[in-house]
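Next come two complexes, and both contain chain A; in the first it sits with chain B, in the second with chain C.
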Partner chain A sequence: MMDISYIIPLFVAVPLAGAFLIALLGKSIKKFPDVMGVLITLILCILSVKSVLIHNTYGILTYSAGGWNPPVGIGMVLDGLAVFMLVTVNVLAFCVAVYSVDYMEKFTAKWKFYTLFLLMLTGMNGVVITGDIFNLFVFLEIAAVASYALVAFGTEKHEIEAAFKYAIMSTVGSLFILLGIVFLYSYTSTLNMADIANVIMLQGKGNIILLVSVLFLMGFGLKAALVPFHAWLPDAHPSAPAPISAMLSGVLIKSLGVYTICRIFFNVFGINPAISSTLMFLGVLSMLVGVVLAIGQWDFKRLLAYHSISQIGYVILGIGLGTPLGIMGGFFHLFNHSVFKSLLFLNSGAVEYATGTRDLQKMGGLKEKMPLTYSTNLVASMSIAGIPPFNGFWSKLIIIIAAVEAGKFGYAFCAVLASILTLASFMKVMKYAYFGDLREKWKAVKEVPFFMKLSMVMLSLICLVGGILVFGDILQGFLGSAQEALSRGTEYAFTVLQGIK
Partner chain B sequence: MSREKTKGMSIIVKTITRLTVGLVLLYGIYIVLHGHVSPGGGFAGGVIITLSFVHLVLAYGKDTALKKLSKARASFLENMGAILFLSIALLGFMGGYFFSNFIPKGEPFHLFSAGIIPISNIAISLKVGAGLFSIFVALVLLKLKPTSEKKK
Partner chain C sequence: MDLINLELFKIDSLSTFVGVFVGLFTLLTVIYSFGFMDKKKGLFSYYFYIILTLVASLGVVFSNDLVLFMVFWGFLGILLYLLIGVGEKPNTSKTSKKALIIVGGADALMLLGLALIWHLTGTFKMDGMRIPLNSAEAIWAYLLLAIGAFAKAGVMPFHSWVPDTAEDALTPVTAYLPASLDKLLGIYFLVRLTLNMFVMNLDMNTFLMAVGSFTIIAAVMMALIQNDFKRLLGYLAVSSAGYMVLGLGTGNFIGIAGGLFYMLNGAICMSCLFMTCGSVEKNVRTMDLDKLGGFAKIMPITFITFVIASLAISGVPPFNGFASKWMIYQGIINVGKNGGSLWMLWLVATMFGSALTLASFMKLIHAVFLGQPSPENPARKDLAGGRIPKSPLISPKSSHGDRAEHREVNPVMWVPTVILAVLCVVFGVFAYQVPLKMFILPSLKMAVNFSGTWNATLATLLMLVSIAIGIIIYFLGTITKTRETESFVGGEVLKEHPDMRVSGVELYNTVQDIKSLKTIYNMAKNKAFDLYEVVSKIVFGINKILRYMHNGILPTYLAWCLLGMGILFYVLILR
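Presenting the complex of A and B:
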């Protein structure tokens, strides 16, 4: 039987094939890694956009690997949420791959970079597309292990230290997840997520589900860098090369952390007030702690890393509200954040490429020398701070309105406060990096090469278009189906199991 | 032979290694090829195959072992293992499903049976064996930076 669902395994197979082909041939053929890296991500980008159209016409699709039907075999599910995450991940990956063509020139062994990059992409796509909880764990580990190696890619002392710290903490998180899966398996005797949801509905929620929820909240919360579990992020994200920082902050913490939290707590366990208020509290805590820690930083990339924690707080707050508007706002902010935060990391990479420093106090007056980096950075800064025409404003507005509608006035106030502090810290970035007098030693600074510019322009256009998108039907089709997938809760099990038969 | 005497362990270890290394390798290959009819399979067999090479490194020093299986060749084999495994999956994809069994399954408990499973086992053994050997070699060849000397 060859129907339209053949598209599903390609999201894993294509980057995996690309990764090993690059490892095999990249050493001998000089331009091969660049060409393959961009080509593979472009193919994935097109496939993900195609999956939106497919989902709009056919609804939820399922796929059984090897022709073995779940719960015996491994099932893959393409629903609204998966489609939304696939588009976010693969569009970002394409922009980052284009950027890397020029940026990674200064590192040796580009083929190693692209191999690891595509393996990480395989892991992220796999996490999103799979319908099997153990399979999810395996893909999560693929993405995580590839990212440890990528954080240490520069092999400087502090980079290796950061990667080691990241590896240890992330492994502890994975251990909690694995333990949770073990308990869940012993309780339900199945690993397919739809089937687990079904069994839990029949057997009722025992105390074991409470324990598993806590374990998953710790494990996936650590991957998503929610505040009590955030300590690895401010070291790991700045130490990686700029394109990888963009991928880590932009999509890795979301597909490994936020997506998995959504999927498991909404679709498998079914949301309840206790989980919902825990998520909201953690979200607001991350939002405030992240931004307060960010404002005092002088390292450009470290400042951005703390802002990632803060912005993830918004996403979790929106999703934790549990109302359709809140979930939609959360997802819209997830998409927007991955665009503008990647753009900011790419900008910081461009400044580092041109000047060789990440210290904001040593910069100044770069506006004249690097006009394009300046203007894209301005767009991204205004987006993240929530200035009206840009996408960040709309998503924050939706989250705040949703919080007010749900009667959470305190949380809404915190969201506004965090947004103002974000604006303050990005005014600091703009002032110290781009305005002011040009220093003597930056006289010879040149604008970055073509591919880096191209990638930054693409992302800032998405920032602008994202702001307009809020008024169109696209939002309904794209975000609406993701929101529906969550709002339907444990009906997920019913739809998926029906799709299999 | 005279150069080899100065490297590695004593003559007793070397002689025993010379006798056993082939057996270990053969046993690894046996585990891989009988993966679908008896306990074992690609992962376990691949590890045993690598152990025979690790054995060589321990007894004769790294140069002798690297002459048999160089770093570049190990890396090549590892990638080939991964690509072979993926191609099996993709061939199944052409015939209907990702990873579907497109070879006749044969009679159970015979060496030539179980469709694609023996081929997948071979691919996994290549990937695991060469990967583990590469990790071992990387740890052996790792040179510490001057910072470690300061502590002395």
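Presenting the complex of A and C:
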């Protein structure tokens, strides 16, 4: 068993090495950053798919960094949840890297972009696979710092401002997380998450765990952009270059926010009704506030950013329900949201690339000039609005059914309400951007280059197929094992510790 | 996933019946489109969407699993959106957006209904459930699912996309979706809900009848004051949906059979009316009633089919609309017999609605076909034989042509309307022999007792005889020739309006002056009853407040975070 666990550190090592190589050689060799960026993400993509198969055959795998066994050394754990997140992150990263080949041409210093991009990927993968809570914090900071720089990548005035706000708020969140970790360490005298869970089980949950829960809810909630900790997101996400917006909204808030909340509250602390209902409430609040704010926006990307808040609300609602069906729905929505939200950001990038504007009121009639962007955007809009047969429909259906099954009729109704408003705001996007008369100044607009198209088509295919696969065994195994990892709760500790020995 | 099972499709008499007519309407629309869509762009996607609509509609009709049903049903919403989007009016994109928001929003509510059904029964098999309406969950499930059916069929208050679509979409699209297919499917699902999936009680039946009656009256009152040909028809389509819901709401066999029969008849008539409307549209660019007139002479086939369809939907015997309305009346009377209250109200609503429908068709027939053509209208040239200045209203295709250009439309376009008009007659005259026996009664699987017998065939014969006698009297009476002269008023020959033209637009405008109705009409004009507009106002109001709070100042945002954390502290630790 130990010989296949070599795959675990690769998720961190490969992108880190890639970032290093690009920083070293990218400036002198012309196509090197592009080729390396796509190649590295492709390798990670293949590795993550392989990790699904490995997990299906061998179950939970562990890896001790440097041969030092936890709790002394740093342990890495590959369980169902980690596998699920790795696939989501790395598939998206690959599509975004392909897109960036053409899109980033208009920026200077492509090598800096790819270096930061791969560093961010390192951070996200690290957060997902690590079994050590302090290590998790370190990876979280790697991803966050890289993303601050990427938000400011355009170096325009408003981009710097957004990055500054983002950095400040995110750092505040990180500080509270660190404080939480300190308290946790003082209480349990260990940093390995499985060990912490074990100690908590033995010593019982003191008030200090409740304090840490609050700190973590705030800190990770801020990373996940839950209302009222969301205010940085609508500034930061639209300001980044489109592929980075796609990464930030698509996977960063999930791996840094949602994943960590799941891991710590379900597997380490063990879920209890108070936390569960708090999560549900925050989820529903985010869902409604996000969508109502989104519907009035005229900036294409800002509208999408507000929808990220709203959609994360769905994910948190599903997971907060705590029933297997709810968790499954939440995870399915997490995956779907990363796909269609990334696609939407890439679409907005394509429109911006072709016309130079993000203001919906200045667009119009682009359907004729950019048919592929239009049709992929239609697919993505329908997916996020939950119109069948696209993937968003299925995950929303599962979440709503799960909420009703759990007796949360009001929350289910809120989910439906948010879904209607989501549909309305995407109808607005479609109408103003693509329908209507073509304006005189867009007469010369051309469809975007090949790699951007390729990436958008890949993602819209996932939107389409994701809906159909819901009945197949592939998605069942994939989502099911993630759901199982959470439903088992603190059994996680037992399995992991057994794996280490 | 255990949410679904293998028995996904089911074919029974009801679904076969609806399926057959879905196919028929698709066929006729496609034939009609060959003529109408001639030389328009985007034809490939247009026909592609039509075919997809057919597939999805058949899926809706034959699926037995609610989730699968929902997939097809929701997909129809996108197709509606795309098909409306093919239109080329300035407001088309706005209308398609509105249509999908209303229909798709109703679909989202249906999801909650679906979840409630799963909660109540643990199955999604449509034939495997008989839910009594005895708990709040069951009532909500029924209502939420019915909202989906209402929105699709265009029943009030979810109707407002239908008149807009009628105005802004291409005419064959309107004839295909809101006028026929969406009626069939919406009412089909309501029938499934009402007869198969739920066990109705008196209150819910009364609710349905109230919704139906309200839709009939309110929509036809709105139709009376419209000045756009297609928009007027759109309101009448809404009104006809009211009859279908009312029929189902009666809860007795004859009323339900009548409602189902009216679903078919309404779809046939409305589809025929929209197609004839499109034929007129082919000759003139405008649909403004003020600018039409005199088309009876140049488009005789279109005129006759229009008259047949309009008489049929107004419930004039011997056409199909009457046969089904007659059954609905009987159903309502039966409600009264069984002790139901308020039945007089519903009966008055239906009868009054029929009369007003006829009245609005008087307006249409006068303004479009019989009245004097307006000065800018090509029909005028053909009638007067005189020269008129070229007008921008005349479509470019016909403006350079000679008189023959303004003749009857291409056979490809009139054949479908004639087929539909023939169906109107056949389904009326042979109501019991053909449609009821073949389609309606088998799908209900119940025997129908007719309280008052209406022998359609005999009555038709009598009517024909009386018409023949009337014609004979007319010819006997006009043996002496009349004298023709210039029009004059008060001894003065009219110079300004030599034709004494009454465009028909002003007809029934007086209803707006009735005191109690005046405010309602004014509110309706300000869209106070348009659910879509009302909800969007509320949402944007909340949006304004929230945006005011997001002022972009970092310390404010940090304060929220701390405040949020404080609340979490309170909730999780102190409490």
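The criterion applied here is as follows: the second predicted complex is superposed on the first by the 499 of 501 C-alpha atoms of A that agree within 3 Å, B and C clash if a C-alpha of one lies under 4 Å from a C-alpha of the other, contacts with A are read in each partner's own complex, and residues count from 1 in each chain.
Methods note: a residue touches a chain if its C-beta (ideal position, glycine included) is under 8 Å from a C-beta of that chain, and two chains touch if they have at least 3 such contacts.
Owing to the predicted nature of the structure, the values given are computational and were not obtained by experimental measurement.
In the superposed model, A:M287 lies in contact with neither chain B nor chain C.
Contacts of A:K428 after superposition: chain C is touched, whereas chain B is not reached. The wider contact with chain A, measured as residues touched, comes from C rather than the other of chain B and chain C. No residue of chain A is contacted both by chain B in one complex and by chain C in the other.
The touching residues of chain B, when paired with chain A in their complex, are 75-76, 79-80, 82-83, 86, 89-90, 92-93, 96-101.
Those residues of chain A lying in contact with chain B across their complex are 1-2, 6, 9, 13, 16-17, 20-21, 23-24, 63-67. On the chain A side of its complex with chain C, the touching residues are 165, 168-169, 172-173, 176, 207, 210-211, 213-215, 217-218, 221-222, 228-229, 231-232, 234-235, 274-275, 278, 289, 292-293, 295-296, 382, 385-389, 393, 396-398, 400-401, 403-405, 409, 412-413, 416, 419-421, 423-424, 427-428, 430-431, 435-437, 470-471, 476. On the side of chain C, the complex with chain A involves touching residues 1, 3-4, 67, 70-75, 77-78, 81, 85, 90, 92-94, 96-97, 100-101, 104-105, 107-109, 111-112, 114-116, 118-119, 137, 536, 539-540, 542-544, 546-547, 550, 552, 554, 556-558, 560-561, 563-565, 568-569, 571-573.
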